[in-house]
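Two complexes are shown next, each including chain A; its partner changes from chain B in the first to chain C in the second.
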Partner chain A sequence: MSAPLLETRNLTKAFGQKTGWLAKPKILCASSSIDLQLNARERLGIVGESGSGKSTLGRLILGLTPPTEGEIFFEGVNHKARSLQGWKQFRVRTSLVQQNPLSALNPQMTIGEQISEGLLVHHFASRAASYERAAAMLDQVGLSSAMMSRYPHQMSGGQRQRVVIARALILDPKLVVFDEAVSALDVSVQAQVVALLRDLWQQRDLAYVFITHDLRVVRHVVDRIAVMYLGRVVETGDIKSVYEWPRHPYTRALLASVPSMDPTIRNIQPPINGELDPGKIAGGCPFRPRCPFAIERCGTEAPLLRDVAGQRVACHRAEEFPRSVQMGKEVA
Partner chain B sequence: MPRLLTVQDLVVEVPGRNIKILNGVSFSLDAGQTLGLVGESGCGKSMTCYAIGNMLPRGLGQAGGSISFGSGESGSERPTIAMIFQDPTSSLNPVHTIGYYLETALYRHQRLRGNDARLEAMRLLERVGIDNAKSRLGAYPHQFSGGMNQRVMIAHALAAKPQLLIADEPTTALDVTMQAQILYLLEELKAETGMALMIVSHDLGVIARLADKAAVMYCGKIVETAPVEQIIQNPSHPYARALINCMPSIDPADHQPPVPIPGSVPLLDDLPQGCYYNPRCPRAAGECFKRFPPLAPVAQAHNVACYHPVAA
Partner chain C sequence: MTGFILSKAVRAFAVLFSTALFVFVVLRFSGDPAERMLGEFATPEAQAAFRTLWGLDKSIPEQFLIYLQHAIQGDFGKSFADGRDVFDIITQSIPKTLTVSVSAFIIAILLGIPAGIVAAIRRDSAIDRLVMATAVLGHSIPMFLVGLIFIFIFAVWLRVLPSSGSSTWRHAILPIATFALYNAASISRFARATLIEVLEQPYIAAARGDGIPPSEIILRHALPNAAIPLVTMLGILATSLLGGTVLVETVFAWTGIGAQFVRAVGQGDLNVVQAMILVFTVFVVMINLTVEILYAFLNPKIRSQQ
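Up next is the complex of A and B:
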C-alpha cells in the first residue's frame, strides 16, 4: 500500500478568545484531535452546522493556518518539514475554491488572464501557450472561449463559479478543497456545478474535500463523509452507508432536519433544539447538551471514535439506533 | 374560508426604463391559508412580498393591476400584515435592545405601555422559544445568533397580531437544524393564531412542508399555481418540473444525481420573444416563440402558463 495522499494526525487548532477587558483568553477549539486519511482520487465530504470547524479544517489541510498541535502529511511529507521550495510545490498541487465567486475574482482582470495567471506565475508556459490552455480549461468547465476577454461582472453567478473552478484546476492539482462552493447558488445552477464536478473528477487524477452545510448536495459528489460537531469528527464512513444508517445522534438529527419533499410530512417537532454553542464544551460528550439520547455516562466520559459496522462513530450508544432515519421526521 | 387577498395582473416597473420586475402577477389567498412562492433568485419573489406589504423600494412603483383585500368590495379593510426577512440580524436596528424593539411594536399595535408592554414582550419571547426572556430584553441584536434574531423578528411580527405573515426566505441563512426549529414554530403559530402565511423560499422542501398552495415564478411572472401536492408530485409547467428535478435527493435508495436546467435565467432587459422559458425548454415549439402563454386552468385550482404543459 502506498502512503495516502493526505493524512492528518491528532490535528488540533485552538483559538484564544478574549471574553473581556484584561480577561484571560478562553480557548475555543475549532478542531481537535482530527485524524483523516484521503487517498488519491478520493472525495471526502465534511458537514456540520456553521461554527463546527469545517473551514478551519480546510485551511489547516492547505497549510493556510498552522495547527496548534498535530501533523499534516501530503504525499508523505509533513507540513512542518516543508521547505520554501516544498511549499511552492504544494501550492501547485493543491487548491481552494470558496463560496463567493465574485469576491474570489479580480474585477480588473479578464477571465482569460485570471485563469492563465497560475501558469505564468509558476513559469509553466509561455503567455501564448498559457492562454491556449486557459481556453481549453474554460471549455472543460462548459464555458465558451469567447468568455476569455470578459470581466467577472459581465457574467452570471453560475458562470463565475465555473471560472473559479477552472482557475483552481488549471495547474492540474491532486487535491482541491471546496469550501461551500455551491452553497450560494440557485438549485438549478447548483445542479449544473454538481454535474460539472462529477465530469471533471471522472477525467482527472483529482482528490477533493467538499465542505458544506448542505446535506442534500454533498451526497451526490463524495465517496466518504465526515460529520463535525464542535471541532470534532463525530461520525465518518462511506457516504452510502452513513446515509442509509446514520449511527450518531447528531448525524441522524442533521439528516432528519432536511425538509422532506413529501407534502404530507408536516407539524414535525425539530429533531434537536438549540444551536451549537462553543461556550458549552464541558466534560463528557460534546453533543450531550442537545442530545435526546444522553445517559449518565455521556456526562462523565467522552466517547471516542470507534468502529461501528464499518463506520467510525463517537457515541456511547451508537449500536442502539434503528436503521432508517425518516427524513423530515423526528429521530427514533 | 373567506378570501383575504386577491392580486390581479400586478405590474411593478423600474420607471424610465422598460423593465417590468413583476409582469402580470395574479393569485389569491384565503384567511388562514399558506401560499408558498418559489423560483430562482431575481424572479421577483421579494418584490411580490413588498408590493403586498405596501413597502416597495423607493423608485419602484406599481404600474398596473390591483391588490385587493377581503371580498374585494370597496370598503374592505386592509388586513394587518407583518413581514419577516432572510437576514434578521441586519434588519434589526443595532442600537436598540430587543426589549425596546418589541415594546415599541406593542405600543404601536396594541397601545400597551410600561409594565404591560414589558410583560407581553416577555411572553412573546418565550413563545418564540427564547429562554430567560426577562434578561434577554436588555440584549442587543449583535449578542444573538441568526436563529435567535429570527425568533425575535417573529415575536415582533406577532406583536401586530397579523392576519397575514409574509416570510421572505426566513430560513435561508440558517443551518438545517435551526431551520427545522423555525419551521415547526411557524406551524405552531399558524395553528394558534389562524393567520395566513405567505412563505417565500427557493427550497422546495420548505414549500412542501408549509404551503397549502404554491406558485412558481419565472422572470416576474407566475407560471404555475396549484395545491402544493400537485406542484410537487405532478408539476405541469416544464420549468416547475425542471426545478423539482434539480433538487438533489436525500433518499438513500435514490441515486439519481440532480438534473441541471440548461442555460440560465434571462435578464429582465433582454427577455426572449414569446415564453420567457423557451430558450431552456425542451418542449418549446411554434406558439412558444410568439406570445407569452396566458395562465390557464389545467385542473381544479391548478393553473399553468404553458402551450405544451406536461400531462398529469
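Up next is the complex of A and C:
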C-alpha cells in the first residue's frame, strides 16, 4: 500500500494560558497526541463540541500554526523538513475553506481577483488566462462568470461560500480542509453546498478533512469520522458503522443529542451534563467527569485508542454498550 | 454627485452659522471685554467709551446682525487690542502655523505608519516593543514638556538650534520635531492595532493557506483593508493641524494662529477670537469633507455604486 496522503503522528498543540502577572501559565492542550491517516480521495470528518480542538487540528495540518510536539506528513514529506520551496508546493496542493465566507473573502478585491490570485502569484498562468480559468471555476461551483467583477458584499451567503470553494480549488489541490464550512449557512443553502462538495469530489482527485460540530451534515459528506474530546480523538471509524453503533459514551451522547424526525424513537442514552473543562483533567480518562458510565479504573488509567469491532475507541468499557441510540433505530 | 456636494454645502453652512452664533453669544456672556482690555482700574467713562466704540452697548441680537452683515462682506472687524484688521492677523498667522503643523504631520505619517506596520508584522518582537515603548512615551509626555526637553538638548546643551522665535527655517525645526513626535506616536500605535486586527481576519489565513507571499499579503490584502480606519484616524488628527499647535507655538514663541488665539482669548479680543473660531470650523469641515471623499475611493461598498 502506498503512503497515505496525510499522516499525523503524536500531534500535540499546547497553549499557555496566562492566569496573572508572573503566574505560571496554565497549559491547555488543544490537540493531544493525535495520530491520523488520510488517503488520497478519502473524506474524513472531524467532529466535537466547541473547544474540542478540531479547528486547531485543521490549522496544524495546514501548517498555519506550528505544533508543540509531533509530526505531520503530507505526501510523505514531514512539515519540519520543508524548505521554503517545499512549503510553497504544499500550499498549492492544500486549501482551506473557513466558516464565515464574508470574512474569508477580502472585501477590497473583486471575486475574479481573489479566485485568480493563486494562479497569478504561483505563475501558473498569465493574467488573462488566470481570469479565464477563474471564470470556468466559478461555473463549476454553480455561479455565473458575471460574478467575476462583483465584490463580496454584493453576494448572498451561499454565493460567497461557493466563491470560497472556487478559490480553494483553483490550484487543483489534493487536500481541502473545511473548517465549519457550512455551519454559518441556512439549512437550504447548506444542502446545496453539501451537494456541490460531493459533485466536486467525484470530478476531482481530492481528499477532504471536514471539521464540524454538525453531526447531521457530516454524514452526507465524509467516509470516515474522528470524534474529538478535549484535544483527543476518542473514537474513529467508518462513518456508517460509527453512526450505527457508536462505542464511546461521548460519541453516543453526541449522536443521541441530534433530534430525530421519528417520534417513536426515544433517547435512551443518559444525557451528559456540564461543559468542557480542560483544567480538570489530571490522569485518567478526560471524559470521566461527565461520563455516566465511569468506573474506578477510568480515574486511574487513561484509555488509549484500541480496535473495537473495526472502529478505534478510547474507552475501557467500549464493548459493553449496546447497538442503539436513536440513530441505530433501536428502542429500549 | 451634485446632490452630494449640495447636501454637504448646506450642512457646512449650517455648521458655520450655528458655530458663529454660539461663539458670539457665549463670548458676550463670559466677562466684560472693556474691563479686560482697559484693566480693572479704568474709569467708568473710559469703559463706556470703549463699549460705544466697538458697539458692545447694543443688544446682543443687534450686535450679531451687524456682525453677520459685515462678515458676509469679508469684514471681520478689527482687533480691540491694536486696531489691526482681523483678516490680516489671521492671513498672516495661518501660513506660520501650517508650516509647522503640516510638515510635522507629513513627517509623522512617514514615520508612524511604517513603524506601526513593522510593529504589527513583527508582533511581540523586540522591534515591536521598542516602537511601542517609544510611542507610549511620545504620546504620554505632554507636548510642552517635550518641547522644553528639545530646547534643553538642542539649544542649551548642544547649542545647534535656536530656542525660540520664528524668523528663519532653523527656528521651525524644534517645533516641527515636537509636533511630529506626538502625532507619529498616535499614528504608529493606531496603525499597529488596525493592522493586527486585519491580519487576524480569516481572509488573511486563506491567503496564507493559498501560499500568497507575505509581502503580497501585507500590500494587497492587509493594507487596503486597514486604510479605511487609518484614514478616519488621520482625519481626526488633521483637524488639529490649525488649532492643535497652541502649546508648541507658545513654548517656542512661534507667532502662529495658535499663539495669537491664546493671546486674544486672554485679552478678551472678541473680534479676533470669533473670527479664528470660524476659521478653525471651516478647516474642520474641509478636512471632514476630504475624508468622506477618500472613503468613496477606499470603500468598495461606495466605490462599486458609482
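Everything that follows uses one rule, which is that the second predicted complex is superposed on the first by the 317 of 332 C-alpha atoms of A that agree within 3 Å, B and C clash if a C-alpha of one lies under 4 Å from a C-alpha of the other, contacts with A are read in each partner's own complex, and residues count from 1 in each chain.
Just so we're on the same page, contacts are C-beta pairs under 8 Å (C-beta built on N, C-alpha and C of every residue); 3 or more make two chains touch, one makes a residue touch a chain.
Being a predicted model, the structure only gives us computed values, none of them experimental.
Contacts of A:V189 after superposition: chain B is touched, whereas chain C is not reached. With both complexes superposed, B is the one of chain B and chain C in contact with more chain A residues.
Contact with chain B, but none with chain C, is seen for A:R219 once the two complexes are overlaid on the shared chain.
Applying the stated contact rule after C-alpha superposition, one finds that A:V163 touches neither chain B nor chain C. Judged by the touch definition given at the top, the superposed model places A:Q154 against chain C, while chain B stays out of reach.
In the superposition on chain A, A:G118 contacts chain C only, with no contact to chain B. When the two structures are aligned on the shared chain, A:E244 is found in touch with chain B, with no touch to chain C.
Judged by the touch definition given at the top, the superposed model places A:P259 against chain B, while chain C stays out of reach. Chain A has no residue lying at the interface with chain B in one structure and with chain C in the other. Contacts from chain A toward chain B in the complex involve residues 49-50, 156, 158-159, 186-192, 194-195, 198, 213, 215-217, 219-220, 240, 243-244, 253-273, 275-276, 327-328. For chain C in complex with chain A, the touching residues are 201-203, 205-213, 216, 220-221, 224-225, 300-301, 304. Partner chain A is touched in their complex by these residues of chain B: 40-41, 129, 145, 147, 175-181, 183-184, 187, 191, 202-206, 208-211, 228-229, 232-233, 242-244, 246-252, 257-261, 264-265. Only residues 59, 62, 64, 87-88, 90-92, 94-96, 98-100, 103-109, 117-118, 121-122, 150-151, 153-154, 164, 167, 171 of chain A touch chain C when the two sit together in their complex.
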